[in-house]
Every structure is written in structure tokens, then in C-alpha cells.
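Below, chain A partners chain B and then partners chain C, in two separate complexes.
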Partner chain A sequence: MPYAYLSPTLLLLAALTVLPIATVFLYSLVDNVIVNPNPPNFVGLDNYEEVLTNRKFRGALGNTLYFALVSVVAHFIIGLSFALLLNSRLLSANVKALFRVIYILPWVFTASIIAILWRLLMNPHGVINFLLLEFGLIPELMEWLSDRDLALNAVTFINIWSGYPFYLVSFLAGLQGIPDDLYEAGRVDGGNGWQLFRHITLPQLKPIIISLALLDFIWTVHQFTLIWMTTGGGPMRSTEVLSTYTYKAAFSSHEYSIASTIAMVILAICTFVAIFYVRSQRMADE
Partner chain B sequence: MIGSRRQIRLRKALIWLALILGACFAGLPVLWMVSSSFKSNLEIFAYPPALIDSSFSFKAYQEVLGNPESLRFFFNSYLVAILVTICTVLTSILAGYSFSRYNFRFKKALNLIIIGVQSVPPITLMIPYFGLIVWLGIYNSYLALVLTYMVFTLSYAIIMMTGYFNTLPRDLDEAVMIDGGGSFVTLWRILVPISLPGIVAVGVYTFMLAWNEFLFALTLTRTNDMRTVPIGIHLLMGQHSFEWNQMMALSVLGSLPVLILFLLFQRYFIAGMSAGSIKG
Partner chain C sequence: MKKLALALMIALLLVAGGVMAQDDVVLEFQQWWEPELPEGSFRAILDDFEAQNPGIRVETISGPYLTTKDQIIASAATGTMADVVGLDGAWVNVLWKQGALASLTQAMMDAEYDDSELAAQIRLAGETYMIPIANFIYPVFVNLDMLEAAGIDPPTTRAEFAAAAMALTDPDNNVYGWAQPLSLEQPNGIQNDTMSWLWASGGSMLDDMGMPHLAGNEALAGTLEYLKSLHDAGVVAPGSFAMKENEKVEEFVNGRVAMIVNTLAHFTLIRERNPDLNFDITALPAAEGYDGPRGLPYASWGIGISANTEHKAEAWKLIDYLTSVEGNTKLTSIANAFPGNVNATPDFIQTDPLFETAFAIFQEGYLANEFTGLPAAEELMRQMAEPFQYYLEGDIDLDELLEIAQEEWEAIFE
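Up next, the complex of A and B:
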């Protein structure tokens, strides 16, 4: 009986997850697929060697890790700061409700809309350059998204803007779950604000922090749309991440075996992180 | 911590300052999107920039809404998102019921796989999907989008649904079972009606994921009559040599459904998101 209820799910998972992953894995072990009329030859791990020693791949891997790690840390800091602000006792419930909506706002927009919006804002003649120039923070108009020294930081900034609300919402729920008694006891012991934060708030939020950070890391490594629509991986591959690199290898160069190999590497990275995520979830359940 | 009245006032002022700075960071880009959608394309990069200028008009909206092609993007997005939501909700109710109320041999392993599916990169699935969808003869069709979207909506939906069913006492279904109702009757007559808040949360969240999807829609559709709103924005960027005001109008219109759902169902969203496994 339980399997009958699960049958639609199992069918879909088998056809659209298990089977495709097996296919990608097979593709990554042969020398050509899909476009070449010659039958594919089994080449073992040659593709992996080729990919892992390739400079473009290493560049994309480095960019991906930078993009993901900086995003996760910034999401955490901004999400927690906003949650603490909204949790302040000095604010009325209405004020909190209003600012909560404003702070969650970036989360409502889809990646392609966020991309196009920030292309407008970060345009050399756009409003960001105008403001920074007015306040004397930059000496001249900056090409945020088309300067190879700035672009990676610019797309990371956009991703930070779009992703922190997820943390904010989780932290708000988490903060409400911390019993007041703990703070009372801390105050009786003479703790100041910072000490209460370090010894009560942070440890109490720790399980949420760990699972959020791991999940966010995985999702940021998945990110394709935002980069594809802001810089397309350019200029000069300075914002090339693993997902855009895979997409180009498959759908521009038609090197499906190589693309499949990179896709397997991304899967391996995400699975590795996911193992820790599942563990942290299990610990939270118990 | 009983500070003097002055100290409290100072703290309050600092909190308000931080609050407003934060609101600028979060809200100004959105405000600029709305403001740009009412400008003429010539005034978009005017110096100095103004929030509202003399070119204020609804022209960009008229052009977007008067264009059958962009209306089609909206129709496609709504149709696909609604179909995905219905299919996902039904499937996740069945699966959630199974996980919540039965013990079976591979339960742990299956549960693990469903959690694990969240971490599978869409780009990894993309390459085989292309071949599979063409082979099935459903390339460039709604069915291709509905099926592939369900892969990533379903795992969240099942986790949320199982969690919701777990909060309902088992006595409820056992009472019906004793009265001679089968498990299927129990599920639809008893559990589903009282799980409505959970089902709404799953539905709203699924709709949002489907409305926002980009990669599969980009690769699994070919003709403009099958494109969704996010892809439409992508196409506008190429075609019309940057009609910024129209792109912003399309962005505003394309964000409204999710914004409205969010404002109406804020409570459900937040409950769902803080369940710990969810993101937009």
C-alpha cells in the first residue's frame, strides 16, 4: 500500500532523476555522444583527466567557489543583522511587519528579472555610478559588469542582494524560538548585550545556521540564470562559473562528453556538501 | 539592563537608522524598477537621474500588454505554473501520506533520496533531458516543462507535506479506519480537509518555483509561442536593442503574481521557508 501511494513519485524520480544521472555518467566515460555519427568509444576516465587539468575549468571552479563562499558569508551576516533588528523590543509590531515585507522583497523576484534590473542599475550611466560619484566614492564611471576586475564581485553582490531574505526569515523564526528565560538568566549573571548574543543567541541558532549555509552553498553552486543574464560568464571568462561553462560546452561547442564530465563534477561537489546537510537535518530531527 | 531614558532614546535612534539603511538596500532597486517602467526609453539614463520625470507615462505597459507575443509569455507561464502546482500538490499528498503513516522497508532510503534530489544541479540533468525529451517527442511542449519542473518542485513539496501530516494525530485516521473506511477514504475525507493550510503553503511555493524557472524553459522550448515570462525577458534583451522601459514593465508585471501570492500568504510562506528546506 505505501508503494502504491508513492508510485507517481517513484516513476518520476526514476525517469527524470536516476536515469538521467546514469546517462550523464555514461556520457562522461565515452569520447563522443549525440552529435557525432561515429559510435562512441569507451575512454574510461580520460575526460575527467582532460577536464580537471584544463585551465578554463580551474578558472570556472575558482570563480564558483569564490561566488558561493562570499555569497554564503554575506547572506549570513545580512540575514542575521536584519533579523536581530526586526526582533528588537524597541519597535512596535506594525513597524516590524512593514520592514519585514521590505526586507523580504528581493526574494520575490525571479533571477532573470533580478539580472535585468541590476544591469540597468549597474550600467555605466546608471543610478549606482551616479550616486557613488556624487558621494565621491569612485573617481570615474565604472563598468561594473564589463570590467574583468570588477565583474565577479559585481555578480556576487547581485547574488547577495537576491539571496539573504531566505536567511532572514529562518532566523526570525529561530529567534522567536529562543526562550526568554535564557536571556533573563544571562542578565542575572551580568552579561552585556554582546555576551548574551555570543553565548545564547548564536549557540541557539547554530543548527539553523549550519543547514542554511550548506543548502545555500549548494544552491549558489547551481546558480545559472543570474550569471547567464548579467555577464554570460564574461568578460574574458572572469565570471565563468561551472554551470555556465557546462552550458557552453554542451549547447555552444556541442562537446557533450566534456559537458557531461563537468556536470558530474558539479554533482559530486553538491553531493559532498549534501551529505553534511542530510546529517545536520538528521541531528535536528533527533 | 535598565539604561537611562537618554540611553534608550539613543539606542532607538540607532536602530531606526539601521532599519532605514537596510530598507534602502532592499527596497531602492525595486523602486527604481517601478520608476523606470514609467519613463520613456530616452530618459532611462538621464543625468541627473530622477525617480519621476516629465516623461512619466503608461506607454511601456501599453506596449507590453498590447503585444500578442508578450501576452503569450504570460499565458504560458500561468498555464505551466498552474499545471505544475496541481500535479505537484496531488503527488506530494499521496507521497506525504505514505511517508507519514506507513512503515516500509525502503522508507529511510527513499526519504534520503528525496532530500538528496534537492542538491542535484539542474545543469547536470539538462544534458540528458534534452535527449530524453526529444526522444519522447515532447520537445517544445507544455508537457516537457511540466514534467521537468516537477522534478525539483516535488522534493520540497513531499518534505513539507510529510512534515505537515506528521503534526496531525494518528487517532484521527484510526477512528475512520475502525468505522470501515479504507486508507484512501481516510486520506481524502479526513486528512486533506484539515491539512488545507499545509496544502496551500505547498501550492503557493510550488507555483513560485515554477513561475521562476529559467534553465529548462530556455533549453526545452524552441518557438516563441512556447516561451515563458523569464525567457521572454531574456529575448527582449536581444531583440529590441534594450527597450529598458518595456523590460522593466514586463519585469513588474512578471513579478506581480508572486508578489501578490506572497503578500496574501505571507504567514504560510514564512512557515514553509523556516521549515528549513526551502528557497526561491
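Up next, the complex of A and C:
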């Protein structure tokens, strides 16, 4: 009887999660699917060998890790800094309200709007180059998105800009939940600002930090729209990440088995991270 | 009593209508054209077809280009493709491989159709699977004010183009002679702004068997070398490696780029965006010494029939109408496109001098887009764009570029 109550959820999970994952896994074990009118042949792990030994895949994996790790670290630093600022007693309520709106703005835009916006800003004739040139900070026009030495950092910067408000909101909620008693006790013990932050704020925020970092890492590994619409993985594959690489394999090369294989590799990476997330949640509950 | 009689009459009408509807053959026609045409104009053409072909009704399934592409490829995989489909040359091969398209050669034979009026047919393994019915050619758009200020005529050869681009470039004022979009997201810059130079001089990127002929292709090597010389000379607008087609047009509209290779489909857009822009069009410059007909890059609205349709004869009748002088003239007139029927003459040619020039270019040259019908055409462009970027950066030489691209293309052709 208890399982009957669970059946709607189990059915939904089976239809929306288990079945698609199983289908993609099966696709990854055959030679080609969907666009092949003949029945596909079982090839075992050949597709995995092909993908994992592919130089372009390894390049995309490296770019993905750089993009995700830098984004997560920067999101953490910026989100926490702004949250501390908004939680400070030094600012009036009106100023805080104004900055809340300003800081949260990147979050209200969709990824495609952000991509268009930053493509315009980072255009060689765009506002950013104009300002930097005017202030003498760069010697010549910079091709932010079309120079292979700059492009990956440029898209990472855009992702940082678009993603920090989630940290800000979460940290702000966390900071407001820390009892004042702890800080008062710390001050009585002679703690300075840094020591209070180091020994009270950070430990109190630790469960939130771990959860956010793990979730953000998984989301950033999946980031597609932003990179696709700004650089398309170029120039010269300098911004190729796993999501764009998968998209090209599926919808440009029509190699759905290879795309499924890459998707399974991404799933494995994210599952690995998700295990840590679940563990951290359990520890927090305990 | 009156109410009962009225109800009976309505019921009879509904039954009669139902019987009529059952007798009619309903063709589903999926395409992306209807949303791009003036409201109601495409339906009016289909109404004319229905009036001339009693018993056939056409139901349109219309959506934006990318949505239509995804839906057609997905429906081909599940065997549920619409009876008649609008096609882009870049999709034909993958649909053909799936066995999703019916042979139009067979349909023409069954209908005893004379195909001599068709401007082009897309053939795979010797049979036609797509007929381009509206064509948008890509000439060179030139900013006349900038050319006149520099005392230059629109260029007709590569050397003249390079000299013009050099004279028009003024980096201090952010003005450049030419723009070449090479974004990897939309790699059609390889087709429209790169290979077009090869086709304009009668060259080809394929061998006689239709297989890749990149390595050892002197005409292609000369073309790419020429394009690199433009980059090296600093006459190409910056940001090329991430630039998309719409940004290229935007640069031209804003007077920051003097010349671009561009589709005629953008005529209206350019005029709307900058009504004061004084521009003209000219054929793509050819290599020195080449005086043969110039291949014109083009994009098409193509049409095909689903292999699974139960109404092949009726579907062919629709294609027959849309490729006839009457139907094709109507369609291309509202689309500002060049006809798929060599005897059709769209209205706009008489009313707009720029279109008149374009039509003259169209008639003097020939339609040339070798990517049409190739397997994974978009990926082929991308596999050329990547090593081309390395070549422009000076990381690899020309031979390496062509060998890398040849290898990648051959893998896709396999």
C-alpha cells in the first residue's frame, strides 16, 4: 500500500528521468541511431573509447573544467562580498534596497539576452573597448570574443556576471540567520572583524557554501546557451566546452551515438559531484 | 418545430460538409516561409492552387526556420514527416540518408513532367530530391558614397577589390573595406564569404565524383591565399572569428564596412535600418584572367515530398504548381527572390533598379552552392572554418589547412 502512494512520483521519475537516461545510455552502445534507417549495431564501449581518446574532446573537457572552476570560485567571492555589504549595518536601509536591486539585475536576464548584451558590449567597436581606450587602459581595440587568448576568459567573465546573484541571495539569507549572540560573544572575547568572519561567519555559512558550490559546478558544466551564442566554441576551439561539443555532434554532425556517449560522460562527472552534494546535505541534517 | 427544422438543416450541412471533407485529399505542407512573407500572401497562393485542383486541400505547418528544421529532422526519424516539406539544401542529405524523402525524379516521370523549365534540381545518387523554388543570391553590396568619395568604381576583379578595400579602410575611424564572418556558431561564412570567391571564378571544392577536393586544389588554394592577404593587409573588419552574418550586415548598414558579400533577402532590412545608405550591388569579383560565367552563391527555399506520404501524386501537383511560371512568379514576387522556374519573372524586377541589376547578375551567372546536398553541410563548413582560422593566424600553412580540412571532410563523407 505505501508504494501505491508513491506510484505517481515513481511513474513520473521513470518517464522523465530513468527512461531518457536509459535511452541515451543504449544509444551510446550502438554505432548510430535516429538518422540511420538500418537497425543499429551494438558496438559495446567503442564509442567511449573513441570519445575519450579524441583530442578535441579532451580539449573541451579541459575548457569545461576551467570555465566551471573559475566561475564557481568567482561566484563565491563576489556573492559573499556583496552579501556581506548588504548585511552590513554601516549602510542605510534605502541604500541597501537600491544595491539589492542593482546586484540582483543579472539574474533577471535569460541566458540568450545576456549573450546578446555582452556580444554588443564586447564587440571590437563596443562600449567596453571605447571606455578602456578612452581611459588609456588598453593600447588598441581588443577582440574579446574572437581572440583565442581572450575568448575563454571573456565567456567565463560573462558567466560570472550572470551567476553571482544566486550566491548573493543565498548568502544574504544565511548571514541573516546567524544569531547576533555569536558575534557579541566573539567581540567580548576580543575578536576583530577578520577573526569574527573567519571563526563565526564562515563556519555558519559552510553548509550553504558547499551546497552552492556543488550545485553551481553542475549547472556551469551544463552551460550551453551562453557559450553557444557568444562564441560557438571558437575561435579555434578555444571556448569549446562539453555542452557545445555534444550539440555539434548531435545536431550538426548528426552523430547521435557519439553525442549520447559524451552526454553519459557528462552525467558521470555530474553524478560524481552530486554524491558529494548529497553527503554534505546528510552531514548538515545530522 | 422551427428549431427542430433548423437543427436538422445544420446537421445535414455538417454531414454533407463532412462527406466533402472526407473526399478531399489534405496535404500537410511544413515550411518556414509563411512567417517570413506578408501576412496572408502565402495562403493566397495556396488558395489559387486549391481552386485549380479541386479535391486537394493544403494545410500549412509553419514556424521559424530553426524550429522547422528540428521538427522536420525529428519527424523524419519517426516516419511522421508532413506530405510536402520546405527544404534547405543543408538538410537534404541527412533526410535522404534516412530514406525520408521521395524521389522527385520518379514523381516527375509518373506525371510526365518536363523539367526543362527548372533552374536547378538537387540530386543525390542520380535522382532529384529537392527543387529550389525561390533563390536568394549573394552579390557584393557596396557603399556607393564611400566608393565615390575615394574615386573608386565597384570592383570586378580580385585585384580591384583588394585595392578598393585598401583605399576604403581607415582604422582610426573604425572603417574597413570588407567583413568576413567566421563564427563557429553559424559557420555559413565559409559558404557565403569564403567559398563564394572560388565559385565566382569557376572553381570547385569537389571532384568529378562529388567528393571533397581540397588538398591539391590550386584554385581553392589561390582563393584562400587571396583572402588571407586581405586579412594581413588589415582591411577586414576586426572580430571576424566571432562575427555572424547579421553583424556583418549591421557593420555595413552603419557605414563601418564598405563592401560585404550579402544575400538579396536583406535588401528591405538594409533600407529599413538605414534609409540614407546609398548602396549598390555588383557580382562577386573574379580572379584575374577569368572571363567565364560567375558562380553565384545562393540560399534556396527548396521543396520535397515525404517518402511516407500516401498522396504522392497530389503532393507533386502542389510542387508542379509552385514551380510553374504562374505559381513561381507569385511566390518569388512576394518573397523578393529569384525564380526556380527559368521563365518566371517576379514583379519586383521591373519596379526596383537594384533588383534589376541583381536579376542581370543572376542571368549572366549560374547558381553555385556546392554545400547544397552534401552530408552534414553545416559541419563541413565548421571543419573548414577551424583550420582556416588557424591559417589566418599564421599557425599553419596553406597546405596544412587544406590537408586537415580534406581529412575532416572525407571522414564526414564516409
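The working rule: the second predicted complex is superposed on the first by the 273 of 286 C-alpha atoms of A that agree within 3 Å, B and C clash if a C-alpha of one lies under 4 Å from a C-alpha of the other, contacts with A are read in each partner's own complex, and residues count from 1 in each chain.
Please note the rule applied: a contact is a pair of C-beta atoms (placed from the backbone, for glycine too) under 8 Å apart; a residue touches a chain by one contact, two chains touch by 3 or more.
Keep in mind that what you see is a predicted model, and the values were worked out from it rather than measured.
Of the two partner chains, chain B is the only one that A:L91 touches; chain C does not reach it.
Once chain A of one complex is fitted onto chain A of the other, the partner contacts of A:F166 are limited to chain B, with no touch recorded for chain C.
Of the two partner chains, both chain B and chain C are touched by A:I34. By the touch criterion defined above, A:M229 reaches both chain B and chain C. Residue contacts after overlaying the shared chain place A:I266 against chain B, while chain C stays out of touching range. Of the two partner chains, neither chain B nor chain C is touched by A:F67. In the superposed pair of complexes, A:V278 makes contact with chain B only, with no contact to chain C.
Residue contacts after overlaying the shared chain place A:V127 against chain B, while chain C stays out of touching range.
Between chain B and chain C, it is B that contacts the larger number of residues in chain A.
The interface of chain A with chain B overlaps its interface with chain C at residues 34, 123, 125, 229, 251.
Every residue of chain B that touches chain A in the complex is listed here, in rising order: 1, 8, 11-12, 15, 18-19, 22-23, 25-27, 29-30, 32-33, 36, 44-45, 47-49, 91-92, 94-95, 97-98, 102, 104, 107, 110, 112-129, 131-132, 147-148, 150-151, 154, 158, 183, 211-212, 214-215, 219, 229-231, 233-234, 237, 244, 247-248, 251, 254-255, 258-259, 262-263, 266, 269-270, 273-274, 276-280. Of all the residues in chain C, the ones that touch chain A in their complex are 70, 73, 76-77, 94, 97-99, 174, 182-187, 237-243, 247, 256, 376, 378-379, 382, 385-386, 389-390, 393, 395, 412.
Interface residues of chain A facing chain C in the complex, by the touch rule stated above, are 34-37, 119, 123-125, 141, 143, 145-148, 151, 228-237, 248, 251-254.
For chain A in complex with chain B, the touching residues are 1-3, 5-6, 8-10, 12-13, 16-17, 19-21, 23-24, 27, 34, 81-82, 85, 88, 90-91, 95, 99, 101-113, 116-118, 120-121, 123, 125-127, 130, 161, 166, 169-170, 172-174, 187, 192-193, 208, 211-212, 215-216, 218-219, 221-222, 224-225, 229, 242-243, 246-247, 250-251, 256, 259-260, 263-264, 266-267, 270-271, 273-274, 277-278, 281, 284.
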